[in-house]
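What follows is a set of structures for review.
Two complexes are shown next, each including chain A; its partner changes from chain B in the first to chain C in the second.
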Partner chain A sequence: MKPVLTKVFGRQPLGTVFAAPYALFLALVFAYPLGLAVWISFHDYFFAAPGAQVDRPFVGLDNYTNVLGDPDVQRAFFNVGVFLVINVPLTVVLSLVLATALNSVTRGRTFLRVSYYVPYVTASVALVAVWLFLFSQGGLVNDLLGPLAPSPSWLVNSKAAMPLIALFVTWKQMGFFILLYLAALQGVSKDLYEAASIDGASRFRSFMNVTVPGVRAATTLVVILATITGANLFTEPYLLTNGGGPDGASASPVFVMYQKGIEQGNPDTASAIGVILVVLVLAISLVNRRILERD
Partner chain B sequence: MRRTFLTTSVAVLALGVTAACGSSSGSGEARSASGPIKVWLSNNPEEIAWGKAMVKEWNAEHSDQKVTAQEIPAGKTSEEVIGAAITAGNAPCLVFNTSPAAVPQFEKQGGLVPLDGFSGGKQYVEDRSGDQAEQYQSPDGKYYQIPWKQNPVMIFYNKDLFKKAGIDPANPPLKTYDQFLATSKKLVDSGSAPAAIAPAPSSEFFQSWFDFYPLYAAESGGKQTVEDGKATFDDTAGKDVWNFWAQMYKDGYTPKEKYDGDSFADKKAAMAVVGPWAIAVYKGKVNWGAVPVPTKTGMDASEVHTFTDAKNIALYSACKNQKTAWNVLKFATSKDQDNKLLETTGQMPIRKDLATTYASYFSSHPDYRLFADQASRTVEVPNVPNSVEIWQEIRDNFSSAVIFGKTSVDDSIAKAADAADKLAKK
Partner chain C sequence: MKPQRRVWSTTALVLGALVFLFPFYYMVIGSLQRKPDTSLKGAFPTGGFTLHNYTQINERVHLLQSLLNSVIFTGGVLFGTIVFGVLAGYALARLHFRGRGSLFAVMLLVQIVPFQLLIIPIYVMIVRNYGLADSYLGMIAPFAINSTAVFVFRQFFLQLPEDLFAAAALDGAGEFRTMWSIALPLVRPAVLTATLLTFIGPWNEFLWPFLVTKDQGRQPLAVTLANYISNIAGRADNPYGAILAGAVVLAVPAVALFVVFQKRFTGSELSSGVKG
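For the complex of A and B:
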């Protein structure tokens, strides 16, 4: 009898009991919707009233072939690719540099930490209003740039819109990633910096040869988290560039999912986009992990 | 590791499949049931005032069939909230803000009750709205909405800014496209306003109702974008309208960037595309005048059609006391309540002979007379499957060719019409 119980509940049944509520929470809010989304993506599905007699036939890969052949979807994946290429490296470099600088300052440390963290905890809607004030046609940035201001202006310029969103998100999320790096920096032995100093290493060399390898695990986490949050980009194209504008130049896959799934009542094609996005993010994260954690 | 991954994946899929296969019970016989009901009102203050007064009147006479009214819960759009409520099975009995464009989708979801099913239902709808009712009939010939009230879209202009630009504010030259362009040039070149007119250049599917569609309704003599299952707008009228707006954007009379506020009230634009709701909104803020939307050759005002910008009432299938809901619907759209709606909101009930039925109102409110006349020549969005998707196709192609000038008008309008043809047949 005992081996069976051990098999079911493990060697520490109490641990299983403690973990169970969270496992249940994950099953309900993560596994269930994900499984449902996968199921929906293989059917001709739409949301219906309870009790309504509706036919939802299995359609195989039809939804996938439809979305993969849709130029709007292709464009959205390309756009988010541009976003990630700008956002992820910028996030890693700036967060690490600022965290290192913050780690070494002694005066005004708390003020600086709060300053970096404020955009992260402020609602996107409020921050978008500030950026609209800065980057709109008659905004502060164009006033300062004068004749050097881009034409068309930032938010309606198909070349500038996505890079601007990437910059916005980098700035907004930076506080969180700086905190991750600050925590990781506490684990880098001071002896290593002293040894580097005795060997005559400059501050830059010391940063490259001690700090960067010392926080490698944190870098892996930052890259993966920035990739995941970046791939889920929605609020900024929705609000800052008025619905993925100009002319779809900043539309993201999640924005297209919203249009198709919620506005147009096609959750089947929206789910197919979602599943493709999950698979791509998983693949990118695995590749990142392999590259960043290799010795 | 691999085994754990596989087990987790199977569990995730199994959960989803189990959920998807879950069946729900039927709604039962609610059509003949009476009792308390819930209704949702739009969040417009004037409509809430009318709605609450209407409910109070009903409740005073029907203590056993009490109506509880509330604003539509907050969401990105009313249609998303209503769609979610239908799926969840907790939609109210009546929504006094049902967009005609969303009706095909709600109908497909099984969320609406055909009004024809009630004794004299069809007759009531057609007697009240006359010929205009036909536009609200679904492809199966039934009415899933009652045409309630409309805001015929016209061109509002700021008389002070026109005067400043040296344009006669009493008779502004805005009838033809050429006149409209020349007037816009004067307004912008004189520095009277940064923009002549500023319809939202954003990508939402409904934005075409306030730039392309009113002008297309006028230019085509009252055509809908899809008729008899086929797109109509890839014609001379459609191309003329797209080319007109393309010129407005190209010449900088219409901004490509959305203004974060009310450009007309803030005097950032000298004109606006609005309905009669705007009379109360701009009262005391803007010295305004109104004219019909322009046409290529300057059609006589008495022939100009425009977009309805209507909001209707629908009865939702989650309603347990549908008989009461139907009676409340009739009460709320009675001649007396329509009069109160007109007086409280300035919006036009979709009634035949509106101007003569409420002649005393229009004689004491001359500002609204022009809109009452326009109300008899309005075009609704077509009641076809995939309506929202069709409007999104139109919007995306319009944005590309007209607002941002990336593609040719001829190619984009043909592309949008082709997509509309396919979607309307789906």
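For the complex of A and C:
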């Protein structure tokens, strides 16, 4: 091989050829849009016909101050906070407990695995359809609850709408997190459990003292991925609560981005929401990592 | 573990599984009934099943055209992921080239920056700048290569024994030949796992195809069904029946594929792709 080629492309230039389509793809639909989002958020940006030359002046932090002072946006960030407070702890606890139990059963494993994973592989739109039916005014859930049914009903009740969405997403995503925990449990040494049982530890104690610390790295990952899912929330408020209703009580930041950016034609303020959300997600991820992995 | 304890945890797991599965059961039952009975007794009907709701939803959303659009969208993503994803995974695992480290870092970053947050700039680019609204290309482009699948491929290529490659080099096989006739046949299981993993992305995706298609003739099923739910359903005489029938049609392909290949959907095969 010619030394010049080696210098430019590395030892195996074929690697550059193989990786080029993927690198190009990442540049076009990830790196460039990420930069564009930031650029748009600092300019007075509006939609124009393709090819038209229009002036889009730099406006500094105007879009950010607009967005942060907007009650709709504040509400959406508050709502996603409510979502995360319910969804993340519930996801972590239930998926770890279920994974531990699944790990110990010997019979019917395939049936059980399929049951818990199947909501994860099914389209949100299809699952939302059946939840709409279950939780409608005259639906099965209210029928079962009888006089205990909330009034107004679940999806039009400003106190119940967001918790119900959090519950929906917990159920939908659980299978994936059980999967992560099952993989992590294979890495916890059997000797530790034996030692615990010789010391006379109860099953609960050995779960708290062996399992929980043993899967700590997976817990960090589960918390971060669950937070990202929460930040992404769109389909559920759009369909389940009919557009973030009632009165914006279940609007998510991505839903507000859609309303402002695409319905109302203000991509600049919508991009500012997006940038704020990315920064928050990254910050939460880093903090989680620090807290969960400190020693 | 004591056998008695095992019985308890199995019982609890089975009960939990039934709770998880109930909405699926209810979806199918509801889709087969002309008039929904929302009482507890109505959840376990013994007769009166009909396919009426399926003809209803078919008239409203053109099921076949919607399904075809879903197939094209998903097929395009699978093609891009398998062809270019395998190449990229191989390069990242086995070849020393300039920029490998940075490409790997960007691939990891992609997994934590949610796609939804890029929708505004991607919408600006694809719909406004390139005029790709209502086209399959516009729908597929942002999903064309699934990064998690690239990761799975890389992990599989990394696990292949070093001796294999040394032997191939001794026999005088070039880099391309080594990949094509030695490494590729060995990672077929990874291709299956990655296909399963990639399939559920575009098949179930709602937000992006919803933004990029306004023409009903180009919308995948997730979008036509969602539009039916939010616009038309209120005016139908048995809205839930038709909605649930559509939901069943949307759910069945992904669920069937998953049930058939569920053995490939295990932690050890996927977590390597997610954990890093």
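Just so we're on the same page, the second predicted complex is superposed on the first by the 270 of 295 C-alpha atoms of A that agree within 3 Å, B and C clash if a C-alpha of one lies under 4 Å from a C-alpha of the other, contacts with A are read in each partner's own complex, and residues count from 1 in each chain.
What we mean here is this: a contact is a pair of C-beta atoms (placed from the backbone, for glycine too) under 8 Å apart; a residue touches a chain by one contact, two chains touch by 3 or more.
Everything numeric here is computed off the predicted structure, so don't read it as measured data.
> Clash or fit: chain B and chain C on chain A?
Clash.
> Touching A:Ala31, do we find chain B (first), chain C (second), both, or neither?
both
> Once the shared chain is lined up, is A:Ile40 touching chain B (first), chain C (second), both, or neither of them?
both
> Have a look at where A:Pro89 lands relative to chain B and chain C in the superposition and call it first, second, both or neither.
Neither partner.
> Touch test for A:Val278: chain B only (first), chain C only (second), both, or neither?
The answer is second: A:Val278 touches chain C but not chain B.
> A:Val125 contacts which: chain B (first), chain C (second), both, neither?
Once the two structures are laid over each other on A, A:Val125 reaches chain C alone.
> For A:Pro13, select first, second, both or neither according to whether it touches chain B, chain C, the two together, or no partner.
So A:Pro13 only meets chain C here.
> Looking at the overlay, does A:Pro213 come into contact with chain B only (first), chain C only (second), both, or neither?
neither
> Which partner, chain B or chain C, is in contact with more residues of chain A?
C
> Name the contact category of A:Gly60: first (chain B only), second (chain C only), both, or neither.
neither
> Once the structures are superposed on A, label A:Phe234 by its partner contacts, choosing first (chain B), second (chain C), both or neither.
Second partner only, chain C.
> Of the listed segments of chain C (110-118, 128-136, 182-190 or 254-262), which one clashes with chain B in the superposed model?
It is 128-136.
> Considering only the contact definition stated at the top, list the common interface residues of chain A for chain B and chain C.
Touching chain B in the first complex and chain C in the second, residues 31-34, 36-37, 40, 47-48, 50, 129, 132, 136, 138, 242-243, 262 of chain A appear in both lists.
> Sort out for me which residues of chain A touch chain B in the complex.
27, 31-40, 43, 46-54, 72, 129, 132, 136-138, 152-153, 155-156, 158, 242-248, 259, 262-266
> Which positions of chain B touch chain A when the two form their complex?
8, 11-17, 19-20, 24-27, 77, 79-80, 83, 86-89, 91, 105, 108-111, 194, 200-205, 255-258, 260, 317-318, 386, 388-389, 392, 396, 399-400, 403-404, 406
> Which chain A residues qualify as touching chain C in the complex?
It comes out as residues 8-16, 18-19, 21-23, 25-26, 28-34, 36-37, 40, 47-48, 50, 98, 101-102, 104-108, 110-119, 121-134, 136, 138-140, 143-144, 171, 174, 179-180, 182-184, 186, 203, 217-218, 221, 224-225, 228, 231-232, 234-235, 238-239, 242-243, 254, 257-258, 261-262, 267, 270-271, 274, 277-278, 281-282, 285.
> Help me check something: in the complex, which residues belonging to chain C touch chain A?
Those residues of chain C that touch chain A are 1, 5-6, 9-10, 12-14, 16-18, 20-21, 23-24, 26-27, 30, 36, 38-40, 42-43, 80, 84-85, 87-88, 90-92, 94-100, 103, 106-107, 110, 112-125, 128-131, 141-142, 144-145, 147, 150, 175-176, 179, 200, 203-204, 206-207, 211, 222, 225-226, 229-230, 240, 243-244, 246-248, 250-251, 254-255, 257-259, 262, 265-268, 270-271, 274-275.
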